[in-house]
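Heads up, the next two complexes both have subunit A, just with different partners, subunit B and then subunit C.
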Partner chain A sequence: MSTQTAIFESAGDLSAENRTNLRNLLIAIADTKLLLGYHYGEWTFGPPQIEAAIACCSLCQSELGHVRLLHGLLNKHCDEDPDRLVCDRAPEEFANIPFLDSGIANWAGLVAANYVVDFAVTTLLYSLKDSAFQPLHMSLEKMLQEERYHVHHGKGWFRTLALKNEDTRTALGVACARALQDVAEWFGPPEESAERQLLEAGVKQEGSSSALARVFAEIGNSADELQVEVGLHKSNDEWALVEETAWQDWDSRSRRVRQSQPDQDILYHLRGNKNEVFKLS
Partner chain B sequence: MSDKIYEVFARKNHDGALVHVGSLNASDDELAKAYAWTMYDEENWVEMCVVPRDAVIRVTHDRKIPLWGN
Partner chain C sequence: MVTTDQVWDALARVNDPEYPLSVVDLGMVYGVGVNHKDIQIEMTFTAIGCPAIDMIIADVRDEVGKIPEVQGVNVDVVWSPAWTKACITDKGRQILQYYGVGL
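The block that comes next holds the complex of A and B.
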């Protein structure tokens, strides 16, 4: 929780450390939303129902809109060029939730991306809703309103696959367990220094541990009710990963403990490299 | 869990009629709400509802005189 009440109208009002911390955090959120948008777009074709296909198209559209908004903030306040962020970075510079690095193999995986990964990013955004950094505070309301639809859709499909049959329930559990591990890694270790500085300045209003606990509670309670094994256990009324994250190699910029990155193939399609010749600028 | 058919109704203005705008398939009421929101978003509706087709009680059909159960 913030210990001061100053507000910041621009990133120039923040300390140099917090300008970097904010930049890294916004890039991590935007990268995750960019990859989420890509996968939702891919799954506009192939879901089990035409209704779900239309929903994926809508989810894609809103995620890409959020990316545009976040890139606008990064451009104005952190001197980042949106085109460079999308097209001219090495894959290892991306800081998305690792679950989105590769193609999503089946519908259970897409549901895990929607219910676990998308919800996790939204939960982190809630910790910035009342940010002392005013440009961010002013930008989040519409984004969070749209995200309520995303979680509703994800939760609906989580319930549907959990109840359909043993095979779909198992596939769902496997995908969600992996997504939860990757989400925990992305949220980072407790008491991490960049996060502590953002909290002290009031740029963030809730620590990652607390936000992650809310993600675990949402998914853990749904999984418990529907008897899906997602790699969480409950102890003293709190949900936690069965397999804890080893933090010693965690990198605060990439938000990862391992050397991993989005697939070149995905970045190739996402960037539109094959249409380079048609670019307008 | 099998799909059900839902009918979607919506109202453009507070003083306008609730009109039928389409149908959809969904496995439960919550997904039906989600799908209606994305499939029938051509207007800025003031109200939108979904109704399981099973819950619609037919009064007449093909202009026939209703059978009143007697």
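The block that comes next holds the complex of A and C.
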């Protein structure tokens, strides 16, 4: 719920606390999309069908475009250098959903990244769609339009693997259960202070708990229909994790409870370190 | 004195790199402003991840910059309202259908 009273044309119109809160949130979204783009790109070769390979290529292009747009906002309104965000940060500074930290071992993992992780980020973006921070509001309509196809793809493959055989259904469940745990961690604890401030200013329109409930409902209902065990249970018409997150060590900047970070070799490839000599200034 | 018609005519000569139709017929140009010798163009793209954004902007600047007396061309990229197929002009639809693109 928002108590929005003002429209913010630039981050300079926000309070100092909310400038930092907004910056941290945008970086977390951009980091997740950057890592999603990397993994989709990696899976441009190797999926079970050529159509899925082409889809991964397209999903990668889409996510990297969104990163470019978000980095532009961070550059203009939060004085962040996009090159620094990609190339000059320590791994522990990345605030992506942890599921993307390491290589995705099999197609079930990629489907979990697509259906659970990608959908979760999109759900969070919906909570910013009518943001009082106008530059963000004016950017999200197109981004969300494009994301509709991502979830269709993820949901289609979730269904395909769930129905193929017991092995694929089990692998899918294991991957999605881990992805859901990591998504819950990234959304953060209820009533977290940075989020409360963003909600009060109208920068966000929906709290993380409510957005996470919508993610759980989407995945939980699909899993229930197709008998995939994804680590969710239903109680009083609401889906929740079987294993609840312990929040005492949650860090609002990295959006993690654990000491974890993207693998160095992923960052090495993602940053194009081996092509340093070819970089354009 | 530069006119908006001259600017629209110049933009109609800037083609999309993938299909043989202009950014105007694709419905990517949302507005044109003329302030003496400085031109302001508001445009969008069909996809946020379009790899040709910089190239198309360069083509726009180049083509509009050829209009006599024009000194500056500023291109403002916007994402709202979001581009959809509904933005394509009737002429653009005919061209795409001629080349077998379903709409």
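For this structure, a couple of remarks:
FYI, the second predicted complex is superposed on the first by the 281 of 281 C-alpha atoms of A that agree within 3 Å, B and C clash if a C-alpha of one lies under 4 Å from a C-alpha of the other, contacts with A are read in each partner's own complex, and residues count from 1 in each chain.
Here is the rule we use: contacts are C-beta pairs under 8 Å (C-beta built on N, C-alpha and C of every residue); 3 or more make two chains touch, one makes a residue touch a chain.
All of these numbers come straight from a predicted model, not from anything done at the bench.
Looking at the shared chain after the overlay, A:Leu69 reaches subunit C, while subunit B stays out of its contact range.
When the two structures are aligned on the shared chain, A:Gln145 is found in touch with subunit C, with no touch to subunit B.
Once chain A of one complex is fitted onto chain A of the other, the partner contacts of A:Trp157 are limited to subunit B, with no touch recorded for subunit C.
In the superposition on chain A, A:Ala55 makes contact with subunit B only, while subunit C stays out of contact range. Of all the residues in subunit A, the ones that touch subunit B in their complex are 49-52, 54-55, 57-58, 149, 152-153, 155-157, 159-160, 163-164.
Here subunit A touches subunit C in the complex through residues 61-66, 68-69, 137-139, 141-143, 145-146, going by the rule given at the top.
Residue ranges of subunit B in contact with subunit A, taken from their complex: 1, 3, 24-28, 30-31, 33-35, 37-39, 41.
Only residues 44, 47-51, 78-84 of subunit C touch subunit A when the two sit together in their complex.
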